[in-house]
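The two complexes that follow have chain A in common; it is paired with chain B in the first and with chain C in the second.
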Partner chain A sequence: MRKNSSFRFRVCALLLVFFACVFLLPASRTGDPTLYMLSAAVPGAMLLLLLLPSRIFAPDRPSLAVALSLCGFSLMATVYLSADETVSQGIRCAAGLFFLTLGAVLVHSFRPSVPAAGLLVFFGFGLLSLPLVLPGFSFSLSDGGMAILIFAVSAFLVLRLRLPALLAGLGGIVLLLLHHEIGSAAVLAVSFAAIFWAASDSALWSGASLVSAVGLFTVFLGPLGYSFAEDSGISSALSRLSSMPLLPPESVPEASGVASSDLFFMLGEQYGVVFLLCAGLLLILLLIRGASLALHTRKSFHASLALGAVLLFGLRALVFLARSVELLPISAPAFPFMTSSMPDLFAHFFLLGLLSGVSARNEADLEEDARLAMLAR
Partner chain B sequence: MPVASADVWKILYTVSRYLFPLLAVSLVFLVLFFILSESRVRREKVHNLPGSGTVGELIVLSGSRDLDVNTWFPVPREGVLGSVRSCDLVIPCPGVHTKHLDFSWQDGAGLLIHPRTGCEALINGVPVTCRTRPADVPLTHGAVLQVGSAVLRLHLFAALDSTVSAFQPLPEELPTSADPAAAFMTGPAQAPDYVPPTPYYQNTVAPGFTPTPVPPDQAHVADSTQLSGVPDRAFAVPEYESSVHNIVTLQQLSSSEYVPPVHDVEAQPPSSSESDDSPTRPPVSTRRRRSDRWKEDLGE
Partner chain C sequence: MKTMRYRIRVLTLVLVCALLAVMLWTAKSIWVKAPEETPVPSAESLSPSLPDPWAEPTPAPSASSSSEETPSSWETASPPAGETRTPEALFDTFGL
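Take a look at the complex of A and B:
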């Protein structure tokens, strides 16, 4: 336990030094008080969140360390361009912590039942169909809707209601396809089929879920005639990637020199490819941690939730990278935790909250076993 | 107002070009070690708790050639029982399908059994199929589950906990019926016409076997209010048996007519004459008790 704590303190110390330096350097050049404030606030907030006693705030600390690092990278991407934009991104990340807590509390208090799962499906469908109902609605709530649908599908599968689970998953895919979010629909379809395969323990139903999802894509992309030309506005990310330096450039990054609008590529352009690799590795660590939580949990419901969160994170990043190197000519979701879209960021924190809730549950189960072992002595 | 002059800032920026990537890579490695150390701490905890994650154990009362009597299986909270190795509980007996039934623990109810389509199980002699509501026939402490030709008895560790409501009072004494199957049928739900297919255990309970009572003053009694918050329960753990079999209520303990239930057939060694009468009976394996394993591990 002592070793474990020491690693936690080392991570905290490194985050403190790293992000203080990141904001102090441009501050010393421009003398902008906002940057000075950020150099104190960002590492301080990270330190506080990672060191708060678990009695007050009990997230899964390794996952939280990864998420905070990725959020810190997203702040770094804008620090040379606009201090105000950095503050806005910081506020978005801080607000996301509410959804982290919400996810953890939901896992802790949710008992799978038909009405509760039905309510979640209704809510998930509502979020996914909002852009269809209100065409002028500019926010994309698809990530949040997908997270809630994964929650509902897991609940249905635990209750052995495979048909409602199948319908809920397929309904979500249809809604995403209808407003041309092909990448998100693919992510949901694969996650949904994998959860079905893992939780239903039935080859027939798993096959049915996979065939249905593939059939939907075939119908939508074939007879309904989805045109990939709609996404021709995707800029040539591959050429941008090849032009990025390995280390930070010799000259100070300027706003005019940054061609990307995506925080992930903005980071690469200003700090080099090595930071993109670090972000990718951190996400892989998050996936490993999530998979480990899913394996150690004792209830199939919690295992499905952790698996769903891991799949959504991993597949989202995969589709994002595939689009970036122009393997997939489709619109794709943003890289986890490195997006300026507030609903997407909240959905990512909600998924992280699911992982935290499962982790807390695992710890509680272990403590319970220790208590029983003590009684048996 | 810039703090650093242009030259100083240039030097700082040049240093940061190499320092920041170094710190970022260090961050990745530290997070990796953090995750590994968390996993190691968890592994150590689980190692010190051999029964971690299980709610009880199923003891084989009647098995097959590949499944000895008195073999015991730790029962996880959820899983699949079947005859193939991928199942959580592997029962290689005739009549057991590859994936015969699913089970799941529910606090306050017991172990709920969900037989797969076309499969059947008997809980205390009551047939359970995929159409039966699992909550109607839960598997509780001491209940007998028959799957195919295998007969298994469930011992719940969770009877120690607040989930003790799943615990049903054990019979006051073992039945001495001529039908040995009745010896393993507990509770009122026993089917009158139940006959097990392979009575391996015919000699396990000797005819006329009388359990040796343990007087209450020789039992370690703990007030369960300190343990689980349930005020009217206590544990009676005799010296020779530290399992959960002897859980009784305080009312029972205070009663002068109290006769502690001794239902674990292996606690009473069979007489030599009985052993001579049963040449075909498979050898009874020495069963290491769960509490012994805990003691060893905690002792280390």
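Take a look at the complex of A and C:
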């Protein structure tokens, strides 16, 4: 146990020193006092976020550390753009902690029932249909809507209500297809079919979910005629990728001057491909941690939730990377935790909160076992 | 629950493998630059480096240089004064 905590302490210390150095270097190059302040504030905030929430709701520390590192990368990406943008991104990441708590509390207090699951479906559909109802609404709430729908589908599957689960998933896919978010719709369709396969005992229903999701895509992309030429960002993504340096450049990189929500590419352009690979590997660590939480939980509802969060994170990154190298000619959602879009970032923290909630349940179960074992003696 | 755990393992393994494969593909596409990105040399930039076939023959730098490095007579020799080089003359030169 002591060895384990010593390892954790070393990893955390390395992380904090790394992020302090990462902000000190551009500060010494540009002489910007805001960057000097960030070099102290970012590691300090990370330390606080790793320590403080554990006193309140027992989050899953490994996944929180990975998420905070990805947030740190997103801050690094904006350093050379403008120090004010970095501060704004830091505030957005800190505000995401509220949604992390919300997700954890929701998992802790939620008991699967038909009215509760129905309410979640209603709320998820509301978030997904908001851009259709209000055309002037500039925010995309699709990531949050998808997370809530996955929650509702898991609840219906635990209650063995497969038809409502199927309708909830398909409704979400239709709404996403209607406002041309093909990448997000594909992520939801695959996650939904995979959860159906894992949580439903019936092969018939699993097949039905898969066939209906594929059918929806065929209808939308065929007769309704989705134009792939609309996604003008695809060719620019590949050209940006091919112009990236392999290692961090020695000179101060030139800021493009344009605030982009694609912080993943900005990180690669300014610090080299090595950092992109680090971000990808960190995400894989998060997926493995989430799957481990799903495997160690005792209730199938919590296992479905953790699996849903893992699938949404992993498939989002997969679609994002596949679109960047022109494997998929569709619009893609942002890389997890590396976006300046506030609703997307909050949705990612909400998913992390689901994982934290499942982790807290596992811890509570283990404590209960230990107590029972003590009483049995 | 046992079947579910097995399926969760399978799904995670597939997802992680797919993600690694796409990351490798991305790294490959960064490593190998896109063909349209490589600059194509213009005709003006190429022309000064091309040897003039009708230029005066330059003497060989040394006797020890190999015969492959010295330009052959049909490449460098200018036609004699008052004579145009016809295709028939070229055929005669090569014994065709």
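Some observations on this one:
Keep in mind that, in the parts below, the second predicted complex is superposed on the first by the 364 of 377 C-alpha atoms of A that agree within 3 Å, B and C clash if a C-alpha of one lies under 4 Å from a C-alpha of the other, contacts with A are read in each partner's own complex, and residues count from 1 in each chain.
Note that a residue touches a chain if its C-beta (ideal position, glycine included) is under 8 Å from a C-beta of that chain, and two chains touch if they have at least 3 such contacts.
Remember, predicted model here, so these are calculated numbers, not experimental data.
Looking at the shared chain after the overlay, A:132 reaches neither chain B nor chain C. Contacts of A:321 after superposition on the shared chain: chain C is touched, whereas chain B is not. Ranking chain B and chain C by residues of chain A touched puts B first. In the superposition on chain A, contact is made by A:30 with chain B only, not with chain C. In the superposition on chain A, contact is made by A:311 with chain C only, not with chain B.
When both complexes are overlaid on chain A, the residue A:40 reaches neither chain B nor chain C. Applying the stated contact rule after C-alpha superposition, one finds that A:8 touches chain B and leaves chain C untouched.
Shared-chain residue A:375: touches chain B; no touch with chain C.
Legend: residue contacts after superposition of the two complexes on their common chain; A:17 is shown touching chain B, with no touch to chain C. Residue contacts after overlaying the shared chain place A:69 against chain B, while chain C stays out of touching range. Residues 201, 288, 298, 300 of chain A are contacted both by chain B in one complex and by chain C in the other.
Of all residues in chain A, those touching chain B in their complex are 1, 3-4, 7-8, 10-11, 14-15, 17-18, 21-22, 25, 27-31, 61-62, 65-66, 69, 160, 201, 247-248, 250, 252, 271-272, 274-275, 278, 281-282, 285, 288-289, 292, 296, 298-300, 362, 365-366, 368-370, 372-373, 375-377. Residue ranges of chain C in contact with chain A, taken from their complex: 1, 3-5, 7-9, 11-12, 15-16, 18-20, 22-23, 25-27, 29-31, 33-34, 37. Those residues of chain A whose C-beta lies close enough to touch chain C in the complex are 194, 197-199, 201, 238-239, 241-244, 246, 273, 276-277, 280, 283-284, 287-288, 291, 294-295, 298, 300, 303, 307, 310-311, 314-315, 317-318, 321-322, 324-325, 327.
Those residues of chain B lying in contact with chain A across their complex are 1-4, 9, 12-14, 16-21, 23-28, 30-35, 37-42, 45-46, 48-49, 51-53, 76-78, 80, 99, 102, 114, 157-158, 160-161, 227, 235, 242, 290-291, 294-295, 298.
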